[in-house]
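Note that chain A is present in both complexes that follow, paired respectively with chain B and with chain C.
Right after this comes the complex of A and B.
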């Protein structure tokens, strides 16, 4: 599967999940996504755990709000009905399952390319040259910033200005950490753009590398998976109506 | 419009959005601060308003996509909110750019402008993000404002109205803080870097 196919598959599944209105429809779409996960032999448990870790707290929170506090579903409020907690529970189930399908599909598509380097992945995307370059630069700078965060945080913890855990001191001195990181990164970027990149001809080399990594936009396998996603979305709609 | 130095500025601000989310997570602060890079990008490119809107939006959008892959898969849904923040930052917050860099710091005008820009950004962002919060999350996003939504729902308000009202009650506070941090970072940015972004003679990307 190509990265473009994975993006298209993910978008189709997400559209399907947004159009599906009931639990049955969403389960059909989740099944299509699970088929992709199994076939791509990615770490399916990791994807399930990640998605559950995001959606379970929301499920708990929504249950407290809708079932516990409000006690009726939005359509019942709109119609001015007295409503029931069971309708509110169904509303929570649909919303959470939809969010789970989206999170799971995004993570599965992401993990499918876990063995690829970011440069290889971006190079294979059907995007304009400038967009690819921008993505590579952003990823490179994220690494730079995260390293600067690590160094500055360690130094500030050593100086007793911030702590490892939640504290008032963090709230008071968090700004120093942000400012330190920003100034560090600006200095690095100025050095790179003014001296390092022109000497090493980095941007021209990057363009060459990205052009060399361009592959077919969509493969036959991609179309197969996209057809499955479309079928799942259509079935999801059917069970709704 | 997208010269190489501006591409670098966009990438830097996108990375900043991503990293500040990381810092907030690391030092366990009870706030979001996910648009500082977007606002800062608009300030850095400001005199050219169209470029400021485009570059700030791209920075916010890239950060949302990358954060979506790693931390929060629902962030890219708020792309329209990112666009709204970029527009307000380029058209309104940018007007205060000169005050933000004046030395010594003019305390009253500085904070007055930060508060006005933050409040307007917060109001716009609350209104634009409400439909996504209603449709995708059913009104409950897991943030502290959810209990405000629950309160309005309990009083018989419709879902969309409740989400908008809760957003109007909470978003402006977060955005005032974000504009303040963006203004302080802008103030701390070396003149050399701002000149590099503004220079018209740079080669196109």
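Right after this comes the complex of A and C.
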């Protein structure tokens, strides 16, 4: 499978999950994603656990609000019906399962390419050069922020302003950490853009590297998985109607 | 190879950049990570790919097994490893010229020699190398090196290290490390059941190859990292800085930007003071700290720390170790970017510190500097400290 195929498959699943309006339809789409996960031989339990970790807090909160407090589904409220807690529970299940399907599919698609470096993955995407460069620069900024967080923590822990473990001191000085992180990000970015990038023409090199990475836009396997995602989405729609 | 020599603030960095711009595009390795690596890659493998030319223009320079580092994030490499990675990337690229601003000072003796020999093979490798390096004058095996001497005075940021570290004697504090084990997530063992005792009034020099774990050891002592096993004692009492916070070490990091707690010097001092006084540390008054900062070359408390030149930032990073607030001083590569006169004066200041009963742990690859200080060597290798 190509990265383009994985992105297309993921987008189709996401659209299908957004259009499906009941639990049965979402389960069909989830089954299509699970097939992809199994065929990819990726760490399916890790993907399930990660997705559940995202959805569970929302499930708990929505259950308390809609099932426990409101006791009716939104469409029942709109129609002025008395409603029931079971309808509210179904409403919560649909919302949370939809989020679960999306999170799971995105995670599985990334795990499928776990052996690829970010640059290789982005380079293989069928996107304009500028869009690819923007993606790389976005990842670069994220990494820079993470690096700055590490630096700022080193500074503040070394000075005794914060500690490694949770403490009131950390809460009190949290804003200093934020300020230090941003000052550090600015320093790092200025250091690169003032000296290294202009004299090396580093961004031009990046462009060349990304161009060299271009591969086939879509493979036959991609079309197979996209067909499965489309079929899942169609079945999801059918059970809704 | 062209060496741009001269004292600090003589304009070496500017001269180096000007020479590189004449030959642009040219590869550049700055003194710290943000100017050594491209910053565009999330992994070591990608960093190499960005620079790899379709056809080799020079002989590859591969001092480390970079395949073993392929998935690591470049900023997680040690300072020396980042410089070696940058040199490796250059060797695979099609750049004909390279500029290295003081970065070679971070390399251990073996890697430094290999790097200098590689860069000096101008004709054979089709490389034009321009370097600024405070220790290159001691390299007599580099042949064909042309030297461009810069001459000007320090001016605004001149320092007077003879005026620092005149501290009253203090009660000795012994540090004992027992059974220390540590590894970074997904990495190899940095320490395995390592033990060491640090006596006060002594200076300890940590040595080891690039990536051995020297800076990691300092971070463990300062509480920035927590060990997987083992314990640290302060005068025989348990000390867990990763839980309770650092109360033993005035820490000067390798990259000075890893230690500021504010945008200006006044802000940095005020924030540290508020925490230290609450924890019953005896912090000198602002006037004394301002005088110390002036000796280190920064004469205004309103000076924006991130706008200082790198050499001045590095010197100012010694403020807290020399302020005498903590019983121990930690200096990670204190001589980076410093000229010979400053290195000699710094050695004198460290000697005064130990003479007053303070303990000092320092990391340096500069044998000449270390030889000026009475010290005990501590070598980190294969997970142990010996």
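To be clear about the criterion, the second predicted complex is superposed on the first by the 228 of 241 C-alpha atoms of A that agree within 3 Å, B and C clash if a C-alpha of one lies under 4 Å from a C-alpha of the other, contacts with A are read in each partner's own complex, and residues count from 1 in each chain.
Definition applied: a residue touches a chain if its C-beta (ideal position, glycine included) is under 8 Å from a C-beta of that chain, and two chains touch if they have at least 3 such contacts.
The shown structure was predicted, so the numbers you read here are calculated from the model rather than taken from an experiment.
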Query raised in the report: Can A:117 be said to touch chain B (first), chain C (second), both, or neither?
Result: second
Query raised in the report: Now for A:84: first (chain B), second (chain C), both, or neither, which partner does it touch?
Result: neither
Report task. Please work out whether A:209 is in contact with chain B alone, chain C alone, both, or neither, and reply first, second, both or neither. Result -> second
Requested in this report: Applying the touch criterion given at the start, work out whether A:161 contacts chain B, chain C, both or neither, answering first, second, both or neither.
Outcome: second
Requested in this report: Once the structures are superposed on A, label A:196 by its partner contacts, choosing first (chain B), second (chain C), both or neither.
Outcome: second
Query raised in the report: First (chain B), second (chain C), both or neither: which does A:219 touch?
Result: neither
Query raised in the report: So, A:40: does it touch chain B (first), chain C (second), both, or neither?
Result: neither
Query raised in the report: Of the two partner chains, chain B (first) and chain C (second), which one does A:153 touch, if any: first, second, both, or neither?
Result: both
Report task. State which residues of chain A lie in both footprints, the one left by chain B and the one left by chain C. Result -> 137, 139-140, 144, 153, 162, 165, 179, 183, 186, 189, 203
**Report entry** Residues on chain A engaged by chain B in the complex (per definition of touch)
**Finding:** 18, 54, 57-58, 61-62, 65-66, 69-70, 74, 77-78, 91-92, 95, 98-99, 102-103, 106-107, 110, 130, 133-135, 137-142, 144-146, 149, 153, 162, 165-166, 170-171, 174-175, 177-179, 181-183, 185-186, 189-190, 193-194, 203
**Report entry** Contact set on chain C toward chain A in their complex
**Finding:** 17, 20-21, 24-28, 30, 32-36, 38-43, 45-46, 49-52, 54, 70, 73, 75, 93, 95, 99, 219, 222-226, 242-247, 249, 251, 253, 255, 257-263, 271-272, 275-276, 279, 306, 320
Query raised in the report: In their complex, what parts of chain A are in touch with chain C?
Result: 117-120, 136-137, 139-140, 143-144, 147, 150-151, 153-165, 169, 173, 176, 179-180, 183-184, 186-189, 191-192, 195-206, 209, 212
Query - chain B to chain A touching residues, read off their complex - result: 2, 4-5, 7-8, 10-12, 14-16, 18-20, 22-23, 26-29, 58, 62-63, 66, 68-69, 72-74, 135-142, 146-147, 149-150, 153-154, 156, 158-159, 181, 184-185, 188-190, 192-193, 196, 205
